[in-house]
Structures are given as C-alpha cells and as structure tokens.
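Labels A, B, C and D are assigned to the chains in the order they are written; within every chain, residues are numbered from 1.
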C-alpha cells in the first residue's frame, strides 16, 4: 500500500517557529504577520476537501473524495497524470503547486449548512487549509462559499446546480465549474421539443427548497419558449418519501409530460412512484405520456433502477464522452478504482486542477491573485470542450450534456447515454439575467 | 370526487406502513414500558432482508464477452447469476424476479433473532431505568444498526423491484364505471395494503385467541395485577419483543419495492411513527392502527394542490398539526387509557 | 401519655398454636414518605384477621408490602408464610407461594372478559378451584362469563376479584376494603363467601373501613396508627371496648 | 462566593479555569505530532463547546429539574438564530443587539409553545414539543423562505440596509464585532512545538457561558429550583395541596427556551448564518442526548455531554484513511493494512458508528452519565488516598 506521507500545518509551523529561534520561549503571532490567511510557509500546501460522508449523499461524497485523491496524486506527480496532459494550460508539471507538495484534509458536511461550515472552519483554523472544495448540495455550497468569503479562503464548489450559487449568492472568493438550472433548461428544451413535439402540456413536481425553485423556473421558462404549456407546478416536501399523493393528481390533469424537479432520494422515489402508477403507459391527448428529470446523477439513476430507461435529463459530464480529456480522466480513475467516475467526481477533479493551475499562473497562493487568474480564464481539455470561467459571476461556461436512461445497460455504471452535446453558445446567458439577479460578487478577501 | 377517492387509496399504503410500525412500537411501549428508538431500524433491517435476498439470488460469476468492451476498452465481463445458469433463464429468472416475496421467509427468522438478541442483550437491562436512558441506549443502537447497514450496502437507495406479475396497476376507474385510467392504483400497493391488514389481523387474532395473547393484553392493561396472579410478565417480554420486531421487519420487506430501501429509511419513519402511536393513544393497539391509517389518509389529502393553494405549507405540517389538536382535545389520544406512560 | 391504656400486649400468643403467617418488624417507604414503621403481627392457619385503623394508618401499604408489590418499597422486615420467606420474593413468586391480594379497587383487568380474568389466574401452577366450581359459588359470574369484566357492577366485580383469588391454590387471602361502596345485601353475600373460604382452611387478612362489619367475621384484630401496631388482640375485645374504638377507629 | 455554597463555588471556579484555559487544555499535543489530530483547541470548536454547553445547561433546567422532556428545544435555538441574523442585516454588526433579540424572540416563542404544550405531561408533552419544532422546521425550510431563506439558510449580503452601520466595507461584509472588536480576531501563542490560539469570539462566548452557568447554579439552589424538583418527584401531591404548578413549569420552560435563544444568538454572533436544519428533530434530539450523556439534573453534566458530542462530530469525522496509514506507518506493511482495515470503519465517514457505540457504552455502564463516571473515578482515587494515609485523615479537606 502506498504511503502518502501526510504532514499537516504542524510541521510547517514547527519549521517557522524553529526558524524564528527556539531560544525565545514565546512568540505572539498576530494574524497580520502574513500577507493572507493560511499562507503556506513550509514545503507543502494543504487543501480542504469538504464532502458529505454521512447522510443520504454519502456515496456521492465518497466518489468526490476519490476524485480529489486522484487529483492530489496527479498534482504531486503520481499516477498517469490524468488530465494534466490534456489540459490546455501547461503550467502544472507534477511537482505540486508552486513547488510545494499538495496535502489534503477531509471533512464531513453531513449535507447540512451548519455542519459543513463547522467542518470548513476546522480545516481553515486547525489544519491551515488554503482552499476549500466539495459539497453535494446547493444549500451547503452557498453556505460554505459565504464562509470562505468571510475567512479569506478560495472556495471551489463541487456539485451544486442551483442558479443561486453563482446568481444571487455569488461571492468573489467562490467559483463554480458545475453547470446550473438555467443551463439544464436551455439544453433540455430543444431536445424535448424535438423528441416530444412543441404542443406539450407539462406538470411539474418540485422539491420545496431553493434548488427546486430555480430548476422549476429554468425549465418552465425554457420549455414555454418552445411552445409547451405549464399546466401545474406543485411543491413537494423535502422530507417526503412517498410521492403517490402528488403523482395521482397528474392522472386527473390533462398533462402529457411530468417534470420531476427532484434530486437525490427525492428523485429516486418520485420517479419510482410515477412509474409504478403507470404514467409511462398512459396516452393523453393522443400522445404518449413522458417523464423528464432535469438533473441526472448516475448514483441516483442507479437507485431508481429500471425506471430511468428512456427518460431524458441533463448532466454536467459523462464518462462515455470521447474527447481526450474525458478519456484520460476515465482511464486514470477507472484504473485506480475499478469503475468509471461520476459527474460529481469529474467536477471535483477539474476544480482542483483549475485551482492549482491558477495558483501556478498567478505565482502566488494569495486568494486575490488566484481570483484574478481564474476570472475570464479560457481553457480546454478538461472534458467539456472549450470553457470560460466568466469574470462577472465566476461561473464556467461549457457544453452541457443531454442524456437519456439507457435501454440495455452493460453494467451498473452504464445507465445513461448521451443524446446531445449542447454547445456552450446555446446555454450562455448574460450575467444579469433575471434568474441570476440580486447578487454581487463583492471584492476578493485575502483574510487579513 | 374521484380525486378524493384517489387520495384515500394513497393514504392506505402509507397508513399501512405507519400502522405496522406503530403496532410494534405500541406492543413494546404497552407491555415493556420501553421507548424504543431503534424500532425504525428494525423496519429498515426488514427492507434490507429483501435487498440481501436479491443479492443472494443474483450471486454471479463472470463471463467474458469478447464482442463488447467495457469503459476502459477491455473485453466486457458480463455477470451471470448462478440461479439463472442452474435453473435456466425462465425458471431462474423467475426466482430472481420473486426475490422480495421469497425474502419474507428469510426475514422471519432473522427478525426473531434480532428481536431476541436485542431484548436479551440490551433492552432487558433497561426496564427499570428512566425513559431518558432507554431513549439514549436505543438511539445509540439505532445509529449502530444503521451504520452497519451503510457500511455493507452504501448510502444510496437500492432498487428492489416487485415481481413482474405485480408491475402494473389496477384500474378502479374502469371498475367503478368511471373513465378508464382516472383512478388507478399499483398492484403492489394493493398487495401491501392487504398484507398489512393480514399482519394486523394476525397480531390481533394472536392476542385475542391465544393464552399468551391474553397474558399480553392483561399485561398491557395492568402489569401489577398480572404479577399478583403469579405470572412473571418480564419473562414473556422476549417473545413480545421478537413479535414486534417481526412485524416491523415484514413491513419493511414488503415496503422495499414501493420505495428503494436506503440505510436511513428507519429514521425517516421513526418520528412519524411515534406521533402516530401517541395520537392513537398510548398502549392502545387499535388506536395505533386507526391513527396510522387516519394520519396516512390526512397526509394524502393535505398534499392535494387545491388544499395547498388554500393553506400553503399544510402538506408539510399536517401530521404534527393534527397531533397537536388531538392531544389538546383528547388528553390521551384517540383511544389511550389512563395511567399508561404518564410518569 | 401514661393515661393511655397499653393495648399492644401480645397477650394471647402463647395460648395458641404456632403462627402460620407472620410479619416481623416491617418498614416500608413510598418514595420519601415513611409509611410502614415497624409493623409486626401473626396469624394462625384458618384464622380471619382484621387489620384496622384510620385513613393513612398504613393498612393498605402493609398489605401491598406483604404481596411484594414494587411500591411501597420495603426496606426492612420479614414476612413468613407457612415456612416460606415472602420477603425475599417478587410479587409473582409470592403469588405462587400462596399469597393472594384482592386490591382495594378490585383491579379487574380491562379488555378481558370475566372468564378471561379467571383463566388468567390459572395459567401458572398451583391452581385452585376450577372455573365450574367458581361459577357454582358465584352463579352471577357464570351468567356473565363472556362479558367484559370492567362492565360488571361493583358487587359483581368484587366477587370476580375474590373468585380470581380462589382460582389459585392459595394459603393466605389479603382483602383490601372488600365492602367499600357495596350495598348491604351484597356485603352479606360476600360475608357468606368469606365464611365459606374460612371453612376451606384458608387464612384471611381483611382491611376494612367498616370495622364493625369486619370484626363480625374476624377472629382477631390488629389496629395500626401512624404506621405502627397499637393493638393486637381478639376481635371481640375490640367490639367490647368502646374507648379503644373511639381512640383509634373513630367509631 | 457570590452567594454560592462552598461546593458550588468550587465547581464554579473549576469551570471558570477550564473555560479560560481551554486554548491550552484542548491543545495538549504538539503541532505536527501524530496526535495533533486530536487537538480541539481551535476557535470554531471551542466556540461550539461553550455555545452548545449553554444550550444544554438551559435544557437541563427544564429536563433535569422538572423532568419534562422537551423534544423540540432546537426550535428556540433556530428562532433565536434567525432573529439574530435579521438584527445584523437590519441594524448593526455589533453582536450585543443580535444576542439580546435572539433571547427575547426565543423567550416569546417558548411562552407560546410552553403554554400549549404544558397542558400535557409525560410523553404527550414530548410529542407536543416535537410537533411544534417539526412544524417550525418544515415551514422555515419551505413556505417561510422569504424570512428564512429556506434550505440555503439566512445569511448576510452585500446590500443589507444595516441602519446603524455600513452595508459593506471594500466589497466585503463587515465582520460581526463587539464595539469594534471583531469576533474573528485571534492571537496565536507559539511555545516550542505547541501553538495556542486565543480568539475574541471564543472568550465572549465563554464569558456568556460562565454567566449562564452561574445563573443556572442559582436557579438550582433557589426555592424556585426546589419547587421544580418537587414537580418532578410528585406533581400530583403538589396539585392536591392546591398549588398550581403550571406557572413554575412554564417559567422553567421559558427560561430554558431563552437559554436556547442565547445559544442561537451566540452562534450567529460567531458565524452569521441561520439554517433551518438547526430546528430539525435531530437537533432537538442532540441536546437531549448531550444532557443525558453528561448527566441529567447535574450542573456540569450537560456541558460535558455537549463537549463530548461536538468533539466526536468535529474530530473523529476528519480522520481519514491516509491519516490512519500515517499513524501506523511504523508497523510492517501487512500489519499496518490490517490495523487500518480494522479501525477504518470507526473513523472518518464511520464516526456515527463510534458515536452510537459510545452512547450505548456510557448509558449501560454509567447510568448517571459522564458525571457519574467522574464521581466513580474520584471515589476510586479518594479511597486509594484514604488507605494511603491513616484512617481519620479524610477530614483534611482542601481549604478554599
């Protein structure tokens, strides 16, 4: 078993203290002694991977953690280098970041804002993490992003799909590579119109919290622009486990499409229930009844089993993509762990690389330098084609995938097939688009 | 009208699950006086009996298919279940298809064992301890059981489909002479409802018509007097506990196809089940069952778009609201008796 | 205090046979309250003993202590029944040893029929009278055997409670307020039953507010006051001694 | 001292020392050592220790004294948090008004909930409080999103009006402060290989906790406290005497609700965010567990319980596989892997399992909670000391 010789902030501090002279018994160090918070002074730099390890998203968190470990390995020159070789920016050479060995600490967000912030704070205050990344829900991402802004740490969001993360809750120190509700709508609507026609009547079931609201808004406005009619939108409690009471009224409406703005366990259960109630066998207004799941996750598709077959949805990335970056990442992840990576793993891996590259290009770990390096950064070779990190809202703009549940999966990881790669131009929106209004980045905060 | 009928139907299966869990909780409350926070975990264990049976039946060996490749470009390894290769595709496939009903056979001994071990190993020592201690220890146990399941099965829901024979849904609309397809109800949910009725009926019959059941009923009503008649009620608790565990476990097995089991499904049901038990009335079995169905149906009604439009958020809080109203107007719940769990 | 006559002499003990049932220096608490404060007395086989005293004197607590119920908590003392030490037993063991308590409020078990209430008593050996014989003795119970026990009238419930005790093979019967709230006709009927029980050789301890009625059928009497024995003598003595009755029984 | 008896004074002094020297006590291991992982002396966790300590102390005033088991106490903490954040959004970043409004709002809410719930006792009371808290949680999560910001949680933004302050400073939200002293400010002290952090926010929380603890001692020892204990041991008897116990229990309920609000306000002062999940039943259950685990009805127990649970949550969850490998690196490879394999399920993502096992062990072997564990240790120690010295030497008690 390979030993990652992890040392924490401790050794760095020890070095610093020793350098200052052990003869002096006590040294008071005010925070302002360094240029920015947690400035790495030793031979290593610590990143904080804050993912759900308990609770319903624990498996997703585990996959994110695998990707982070892989990224650290590649940054430190281990393994096959993964996407380092396909990444258009060539500053990363396997010698860590700015010559410092990359180390990491992990924490458990529990998919709760409070716990996630506690965990992030512990990484910042105790372990001296210079960057926090991870998460598997928008609520957590927004909460941790705000914390990092206050603490003067860079936050590279993991899986967060709500418009708000780079909309009304955007922050100067926070960056999102993952796509968002608006992009899902923009990518899905034309495909849906193409497959199901433009005179459809849609019934929405929406998880009763922020992500649900933004997704519902994005999908309704995108599909209505195609000529669809929104018959009804119904909010379902997050805690609901059985959606039959929400599914049956669909039978009595004249809707011929059901849109499930649900994620995770909610999506598994609502989709399962909808299929149980025979919605997919219905013919309404002479048309076959259809179900749409705006945001797909492979792990959740697995939970829904047979029921996902033929159902459209969108996803940030899929391992079956054939570009060089995706192939390199899938090979390297698959060789190490024995199964293909999820989209959550992909976005987390890419975020780590993007951060490392930005530091390298800026020549400094200073958050403000990193922000500057990432803003307006254009790159390619990380799996979604040419991508822009937009300066105005710190959102990545890249191709979005429309996928469909596969009819004949060859394994439990091969559940989705790519229907269309929606080009980036089609999902780009102005940064002051109404669905993203109300936020302000503020200025970068180095923490001192 | 048919919308209301539909919601009654919807309430039935949720109500069945509430009723079955509440029934077991009440048995334990009523006879043993123990607040069992691990009861939801028993429901969850039942569901994972179904998952395990599915895993056992689909134990596979790998066959390399040279014509196809896997995600890394190597020849694809296809899993072939032993059962399928032994009995042929149709019979073997059929056996796998029926994994959930078959797992009932496994769940009974497993749950008896779990219930027995729990009572003898742990709960027994807590009869005379304060309720607070009982809560702490059973909550700890619930976490441990849950985490063990998570360790082996992961945190994701695991699809556990019903046999194909029950895959469709029943058209009440056509049967009642209404428009076809307006009131449909999945077969498996009907099965679940009747299964729940059978279990509830079985438990009641057992309590009503056996000597042991008579002792249990007497013990729930008045432990002191039962002791005065020379009966050591404590000794019979193990069996009571095992019965409650089996009821919860079977409820879990049959629930698996309705919603894919995950490791925290027990906790999701636990709090609501406590509310159901209290609303029904402490120590009253008919109360627990009635409250389970009533709350299940009310929850369905409250989710109707018309109701939510009128009272926003009512679908989120209906059960708790009803619980508050009932407890304030009927101090001991619907059918509770004086003196049970009031210390 | 010297002018108060000392009634607590154990004068008549030596004259009779060795005690069948005895309580020795019993102390018991309800939580913090000290209820039974060193009670001692004996009963002979086949005798009826009236345990008398005012409200709160500790009569019911003494009976409950003897039946080994969880409360009051006995902290000290011994209870012997036919060479068996009840004080070390749990209540169900005491019941098996032959001790039967008919509690004050009868405690007919709700939800059970008359017959089930009786059957419940015959689950554990040793059993006493058969159901047939009990129905013969209490025909009204036989008529209502399928009815829920708690729906019976007060008198019938009292009979059911006594019948339930007899359904077990008992050595000592502890009756707590058997006449309470009952019509005189029924009281007479119960008195008859108690005499019948006495004929069977069963020892009885009866706690009763209606001291005169209790003394009428009793052989001996023990009077409690403040958790202690203040009189121990023959029933006749109490009936004859008006001063004594006035002092401790307010009659 | 301060109107406390000798034993309580001693306890209070001990608690004062523990909280004031916490940055030292909680960082016993030198930085960089393998055991540094177990250090808890960083600001966030120390703040959590004392804040949840306040929450548990308050809960114990209700549960430990009256025996009423509230299963919805987190609602008051949550409501207090929301009020605190709104104060910071609208009025000022000074933490004093935020904390005060949290206490007041939580107090008012607990009057309402308590007045209704206290009409029942026993498990019925527990379910009523649970129902209120779950309703608050569900509504805060969904329908009340305009007030609570739903799932994301209520937080500050750059365009908050803030009447007595500024909306932003150079594009950043101004930090929460006490008359200009930022809660985030820390001073670090390096001694050899040890590094100690003294944080303004922690010391503010610690002082507040000490006051809360002192008030709790006074309540425990007051006639009011005696009356509450009487309610616990025999409510019926009290009712027979014609005494209406409800004002007393309601007062206890409101006091403990205000303690919860105080904790919520402090949480906001340390970290200006209020999320709905603070009100979920699991959060209410957590304070119940803290109190029972530490020792219900004892003064110090709840604080110990709070520390115990928060320590597990924050320290055990962060140990991952590579750290384990590092610990056991000195062993031969096979043995190392075997050990890591055995320990791994209990740490990192398995920390819940360890917590569950600890709950069970404590309640099985220490029926009085951690306090009883301490007493047993103390007795063991004292007995040994007594046998060491001569009989009769037990009279030599430490002078104050």
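Remarks
As a working rule, contacts are C-beta pairs under 8 Å (C-beta built on N, C-alpha and C of every residue); 3 or more make two chains touch, one makes a residue touch a chain.
Source: prediction; values computed, not measured.
In this assembly, A is the chain whose CA centroid lies farthest from the centroid of chain C. Just count the C-beta contacts per chain pair and the biggest one is A-D.
Inter-chain spacing, taken between the CA centroids of chain A and chain C, is 77 Å. Averaging Cα coordinates per chain places chain A and chain D 33 Å apart.
With centres set at the average Cα position, the gap from chain C to chain D is 54 Å.
With each centre defined as the average position of its C-alpha atoms, the distance from chain B to chain C rounds to 48 Å. For chain A, residues touching at least two other chains, in rising order: 54, 58, 208, 235, 237, 239. Of all residues in chain D, those touching 2 or more other chains are 138, 141-143, 352, listed in ascending order. Residues of chain B found to touch two or more other chains are 316. Pairs of chains in mutual contact: A-B, A-D, B-C, B-D, C-D.
Across the interface of their complex, chain D is touched by residues 1, 3-11, 13-14, 17, 22, 25-31, 53-54, 58, 61-62, 65, 69, 105-108, 112-115, 117-119, 121-123, 125-127, 137-139, 142-143, 146-147, 149-151, 164, 169, 172, 208-211, 213, 235, 237-239, 439-445 of chain A. Residues of chain D touching chain A in their complex: 30-33, 36, 39, 42-45, 48, 138, 141-143, 145, 149-153, 155-159, 168, 170-173, 175, 184-193, 195, 197, 271, 273, 275, 277-278, 313-314, 317-318, 320, 322-323, 325-326, 329, 333, 336-337, 348-349, 351-352.
Chain D contributes residues 63, 69, 116, 119-124, 127-128, 130-132, 134-135, 138-139, 141-144, 281, 285, 288-289, 292-293, 296, 345, 350, 352-353, 355-360, 362-364, 367 to its touches with chain B in the complex. By the touch rule above, chain C contacts chain D in their complex via residues 31-32.
By the touch criterion stated above, chain C contacts chain B in their complex at residues 67, 69-70, 90-93, 95-96, 100-101, 103, 107, 109-112, 116, 119-121, 123-124, 164, 168.
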